[in-house]
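In the two complexes below, subunit A is the common chain; its partner is subunit B in one and subunit C in the other.
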Partner chain A sequence: MEFSGLSGEIILGTLGQILPLIIGIIIGIIALEVGMYLFLARVVKTKHALPFTLLAPAIIAITLFMVYPLIFNVLLAFSDLKRSTFPCYSPVALGACELDHLYGLDYAIKNFTDVFFRVRDGEILGWGRLLRTADSTFPVLLGRTIMWTVANVIFHFTIGMGLALIMNMKIRFKGIYRALIVIPWAIPGVIVGLTWKQEFHAQYGFVNVLIQALGGQAISWLDDPAAAFVAVVFVNIWLGVPFYMVMLLGGIQSIPGDYYEASEIDGANAWQRFNRITMPLLRPIIIPAITLDVIWTFNRLDIIFLITGGGPQESTNILVSALYNAAFGPAATQQLGFAAAFSIIIFLILFAFALVWITTSGGLKEIYDR
Partner chain B sequence: MSRSKTLLFALLFLLVLGAFSVSAQDSVNLVIWSQDGDANNVVLAEQFAVWAEAVSPGSTLEIVQKETEVLRNDVLTAGLAGSGLPDLILGPNDAIGVYEDAGLLLGLDDLIDTSMYPYNLGAAQIGGVTYGVPTNAGNHLMLMYNKSLVAEAPQTWEDLIAAARAFEEANPDLQGFAYNLNEPFWFLPFVHGFGGTTYAEDGSMVLDSESWVNAYQFVQDLKFVEEIVPEECDYACADALFKEGSVAMILNGDWAIAEYLDVEKSPALGENLAVAPWPVLPNGERPKPFTAGKFISIPVTTADAQLDAAVSFVTWLTTDPAAVEAYAVGTGRLPAIAAVTVDADVDPILAASNEALASGVGMTSDPTLRCMWDSVRPNLEGVMSNSMTAADAAMEAQIAAEECLEG
Partner chain C sequence: MNSSAAVKPASRSSLTGEGYRQLRQYGAVALLIGGLVLTVTNGMSWGYALGGALLGLLLWKPLHGILVFYSAISVYPVLRVISISLRPTDGLLSRSLDIIPPGATFNSFVELFTEEEFLRWVWNSLTITIAVSLIGIAISATGAYAFSRWRFPGRRPMLIFLLTTQMLPASMLLIPIFVIVAQLNLTNNVLGLVLAYTSTAVPFSIWILKGYYDTIPPDLEEAAMVDGCQRMEAFYKVILPLSTPALSIVFLFNFLAAWAEFLVAKVILQSNAVMTWSLGLNELIGTFNTDWGKYAAGSVLVTLPVLLLFMWQSKYLISGLTLGSVKG
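Let's turn to the complex of A and B:
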């Protein structure tokens, strides 16, 4: 008897399960759209029946996939949901529920406090451990997260800008270079992480082979805390540069050449042209790009997870990896109520940053001025 | 209606009709989430086909392979959602305590005659209730070596160090010995060998004792004094080096045997594979690996005809002597029932694995064990990067475990 992974029969079987669902969704959406249009046009008699109808799918999707999870996350922060209380919250779990209520302010206070402090019997004993080691406290992890974010964003921007300026020059084989630079962006994060993990192997990895060939000494990239942090930052820089290059190159190419010609006639040198023309005109691109990059990098878990797993000695963990650990980590405690509160704190930090950064940098000034 | 519209509607009708006709089934379709590797899952599928032909013709088994952590998280997530759990779960026993704590497993004592499993059923029992039956005994680590590179298994660690050094001197580009250095599952056998345990007699967790310190010191010395292990090595590293013939000896578990015997997947191994018990430590004791085996559990959502079929198949797979033997030989793992024994002449690898199993320590499915794994890991990493002393690692692990147990 032979067994195969993906035979025609299996594909047909799977299609047989999926197709009715897809067809059902399509038919359902069409019926809803038609129904909504008829209701708005004939019952409500609004002249905006068509725009409302066309907007409805997007509104429903945003509500289902963004608003509802957000509200559910806040609700979770007001719960005591963890593995041992599953029987209280799961519709199928067996066993007695020992909680007298499922949601409450008392749980929320405990969840939010536990992110920062170790509390026993109402007394604060000090900073709480978010992981297992003594220095896995909130201030330490926040500091490391800021270092990780700042280092990444600075290098993303400077290298991305440099490459964009080079790609804007008249050089041969520009298309090939541009394709090569964009490759990291096109590779799935999982493959990037696992590949670079092997390349940072102390004995067999390409990085140390190169260092030794250049006369340097091999580094224990994954065993030494500082080296491991450098390794994950390096990989994330490598991954993030193409985003900036593409964004900035698009911006640079949209600047009219007349400005540069006029400034050259006035005797401006290359630095002055860059500083007085390129940078100010790229501002509407740079500010949103940096804002997005800060948020993405602050929350970027996969590269750290795949290359170091947060190690060695939990030294490459940042806030989101500690958050993931609380919810789905190897201790399997599934502290989902605590993790929800933790995620709200991370959200508030990023929200405050975005608010201050966008306001002070004037990134949206042009939009408001219109 | 135009011709194209007619064709479109006809096509849609046929697709819907086809879809429903494919999904309609008279016999049972079981789903199992398996933490086992592909090679072992094929054996499971073959055994199911034998059972289905005899008991329930037309039944199917959908095997979904999941890595250890993914399996555990997916079971808990589906359990919390209340839907999406499989009919069966196959995995190591230490996750059973987690699932049971979350209330997601059926007690099996009323469904299966548990007296048929004399060996390691305790590893799946909590509060006297059985939550899983063993598909095999073992899941234990042992010494594995490539006979074409090392003639015979070292009896002591002194022998192993000497053999690894001699091998590397003769083959400067190859490695004599490697294992998953920073993984606590590979470290605990040393702790047990030095007389340590995870739990004291009163049930408290003890990770800071002379035995633990000696074990940390021993593995640190293997790396920094004896220099016989790679500077960095995780599971993938040791496994890949061994498969390609770049390392002579490794420490690995019985789950890998089937793949190592397959020359397509392990070109340097096949008939060159040999296994042996752990070498004896300087104190005269052997390191004692954790043992338990893989267990099949039934989630609370499995019911009616699905439950009947699941119970029937699991009982047959784990107790019918012919099925147990076929599964054991196919997976290269030890049977979990007394009726099937391992003959060294028939299968020397299984016989040697059985010998290695004899020195093992049963692993509890108590979920608090996860606090031990979680607390030891960063401190073992500190020891293996030479940034922590053995004594400090033991002390820090104890503090971390106590905080973990507090919740």
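Let's turn to the complex of A and C:
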């Protein structure tokens, strides 16, 4: 019996794949820990036997699922892997292979220079195209990524802070407002993206219907580059405000009321109280929240991918969406070796930023010193 | 909500002064009446009355006005999806802003189940999601405990590495994992997706659990244990039961992340034989056509359980997030 594509056979089939995996992993973890402990305590006799035993499953998993792929990614940057050469890199021969070597420095040099420059016969002709149009060059995409990140983080913070300050006052229906305002956070990103895409439809989307009801001109959100960028930034702001409101509200509520009472007696006004008490005391929350938000926003491509697909004329692409397109876009652009090099460069940019920001703000210092 | 808020007696406002407050009250009433008049003269378009009420509220009680306005921005798109899922097929392309559409029907829901393989998509997503959540906890629970309680060589570099993994662009892991999965011949297989999701779930889970263990005083297990061998017993008998909230938070976080994932699934599951609901709904959305109703119906069905879970558990979820990522 089958209903809506689901039948007993399919259920059993999936369970037959998943259950052995879960059970195998759990048994494997227990066996590993027991064996590891006996080995470390009896044979090696280290005083750190127990912590290393407890860490073993995580270390193995992270090595397998994270360290190994990352090393493999670096190796891929030294390869010429793309759609047409996939058979060469497959352990099973899938077809003819016209490459004489699989990995080499020459590929790496080409992959990394391709990110920045268009080179012919050893001569730099200009900025390289990361997508199809001549406008999609590295500096353009980097500039747009920075605009996207800065715009999002500023609005997330100011709106979230404003709402948190209001919610901290003695006000009725606080619970209801809070429940309603966090809703965007709880909705799956795919649904957010696809739904807003429809709502930005020039004729039937509610955004234009509302604008016209208020006497404005309909905007062709998805066909006009500037409007499309505003649209994706708007949706991402809409998504991110609840996180800030909740984090900041939690922080504000933990500030003892005495501070405010004392400053009120001293005649401080609302702005002074905010600037001299709230902001400094919230620093341990604000700095990590902004750090996380910058990292998340910089790397966030689902909203752009779903709403505009990078368009119109590739004008809403940021670095990570261009990267996704280079690796997994239409068959013609699938160049995994180049994409691997590109991804390393994007990561290094973000890492450099994080290093500078964290050391200057000192915000994450306590994380590993506890 | 506007009207119910408007009936409440005026409380102490930030802008004091009796005459000024009364002036604002009159203004609010005038705006409300103006909105109602516009509604009647424009053939009962209630938008005017709502707009008038909102403006009035903003004038009378600005703080409530702002909160109501922002709540409306948060909620309206959601209500809108529900409204579209109830539209009859011939009324899908409508410029109406009504929450309950004229001729409301559950047809789109019926079509979603009968014409599409919706249950199968949800089943695939559910098994993948539960597997990832369980494996994530099993791998990270003890490791996080070690990070929280012991100072051992390599601890700091490992923690910094875990933090750094949060900065990786998704594609940086996805490219090698895609190649590995393709080489293992696991594309179009749920196992490939489980492996891909687990790679991001483990560091995050360790981070959150470590934050939680840090808040449990070490005296607790020190009181329970006598020598090194019984330390494990103390962990399983004292710490793990105490960590149930944290374990459920990690389970929920991994669940929510994997449940809603789209871009990785699109790469790993390339044929239509195995689809998660996110891939299925993406297929439906193509353009404005009759499938829009089915898409909306599917969205409502996959979002509502998550939304209820989130609101029910939001306090724990939020404390878990702040513990893990902020207090460390």
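Definition applied: the second predicted complex is superposed on the first by the 351 of 370 C-alpha atoms of A that agree within 3 Å, B and C clash if a C-alpha of one lies under 4 Å from a C-alpha of the other, contacts with A are read in each partner's own complex, and residues count from 1 in each chain.
By our rule, a contact is a pair of C-beta atoms (placed from the backbone, for glycine too) under 8 Å apart; a residue touches a chain by one contact, two chains touch by 3 or more.
It should be emphasised that the depicted structure is a prediction, and the values quoted were computed from it without experimental measurement.
Trainee: Should the pairing of subunit B and subunit C on subunit A count as a clash or a fit in the superposition?
Mentor: clash
Trainee: In the overlay, answer first, second, both or neither for which of subunit B and subunit C A:318 touches.
Mentor: A:318: touches no partner chain.
Trainee: Quick one: classify A:140 as touching subunit B (first), subunit C (second), both or neither.
Mentor: neither
Trainee: Using the touch definition from the top, say if A:108 reaches subunit B (first), subunit C (second), both or neither.
Mentor: neither
Trainee: Could you look at A:203 and tell me whether it touches subunit B, subunit C, both or neither (first, second, both, neither)?
Mentor: Both partners, subunit B and subunit C.
Trainee: Using the touch definition from the top, say if A:290 reaches subunit B (first), subunit C (second), both or neither.
Mentor: neither
Trainee: Output check: A:16 vs subunit B and subunit C. Expected answer is one of first, second, both, neither. What do you get?
Mentor: In the superposition, A:16 contacts subunit B only.
Trainee: Which chain, subunit B or subunit C, is in touch with more residues of subunit A?
Mentor: C
Trainee: For A:328 in the superposed arrangement: first (subunit B), second (subunit C), both or neither?
Mentor: Once the two structures are laid over each other on A, A:328 reaches both partners.
Trainee: Output check: A:301 vs subunit B and subunit C. Expected answer is one of first, second, both, neither. What do you get?
Mentor: second
Trainee: Give one of first, second, both or neither to describe whether A:233 is in contact with subunit B, with subunit C, with both, or with none.
Mentor: Neither partner.
Trainee: Given 61-69, 115-123 or 223-231, which one is the stretch of subunit B whose C-alpha atoms run into subunit C?
Mentor: Between subunit B and subunit C, the clashing stretch is 61-69.
Trainee: Using the superposition on A, tell me which residues of subunit A are in contact with subunit B and, in the other complex, with subunit C.
Mentor: 3, 15, 17, 81, 86, 89-91, 201, 203-204, 328, 336
Trainee: Tell me, which parts of subunit C touch subunit A in their complex?
Mentor: So the residues of subunit C in touch with subunit A come to 1, 5, 8, 11, 47, 63-64, 66-68, 70-71, 73-78, 80-81, 93-95, 97, 113-114, 116-121, 123-124, 127-128, 131, 134-135, 138-140, 142-147, 149-150, 152-153, 155-156, 158-180, 182-183, 189-191, 194-195, 198-199, 202-203, 206, 214, 228, 231-232, 235, 259-260, 262-263, 266-267, 278, 281-282, 285, 288, 292, 295-296, 299, 302-303, 306-307, 310-311, 314, 318-319, 321-322, 325-328.
Trainee: Touching subunit B in the complex: which residues of subunit A?
Mentor: Touching subunit B from subunit A are residues 1, 3, 12-13, 15-17, 19-20, 23, 81-84, 86-87, 89-95, 118, 120, 129, 131-134, 201-204, 218, 220-225, 311-314, 328-334, 336.
Trainee: Spell out the part of subunit A that touches subunit C in their complex, as residue ranges.
Mentor: Result: residues 3-6, 10-11, 14-15, 17-18, 21-22, 25-26, 29, 33, 48, 50-52, 54-59, 61-62, 65-66, 68-70, 72-73, 76, 81, 86, 89-91, 159, 162-163, 166-167, 169, 171-173, 176-177, 179-191, 194-199, 201, 203-204, 206, 209-210, 213, 238, 242, 246-247, 250, 284-285, 288-289, 292, 295, 299, 301-302, 305-306, 319-320, 323-324, 327-328, 336, 339-340, 343-344, 346-347, 350-351, 354, 364, 366-368, 370 of subunit A touch subunit C.
Trainee: Inside the complex, what are the residues of subunit B that reach subunit A?
Mentor: 12, 15-16, 18-23, 42, 45-46, 49, 69, 72-73, 76, 79-83, 85, 95, 98, 101-106, 182, 230-232, 237, 300-301, 367, 370-371, 373-375, 377-379, 381-382, 384-385, 387-388, 396, 399-400, 403-404, 406-407
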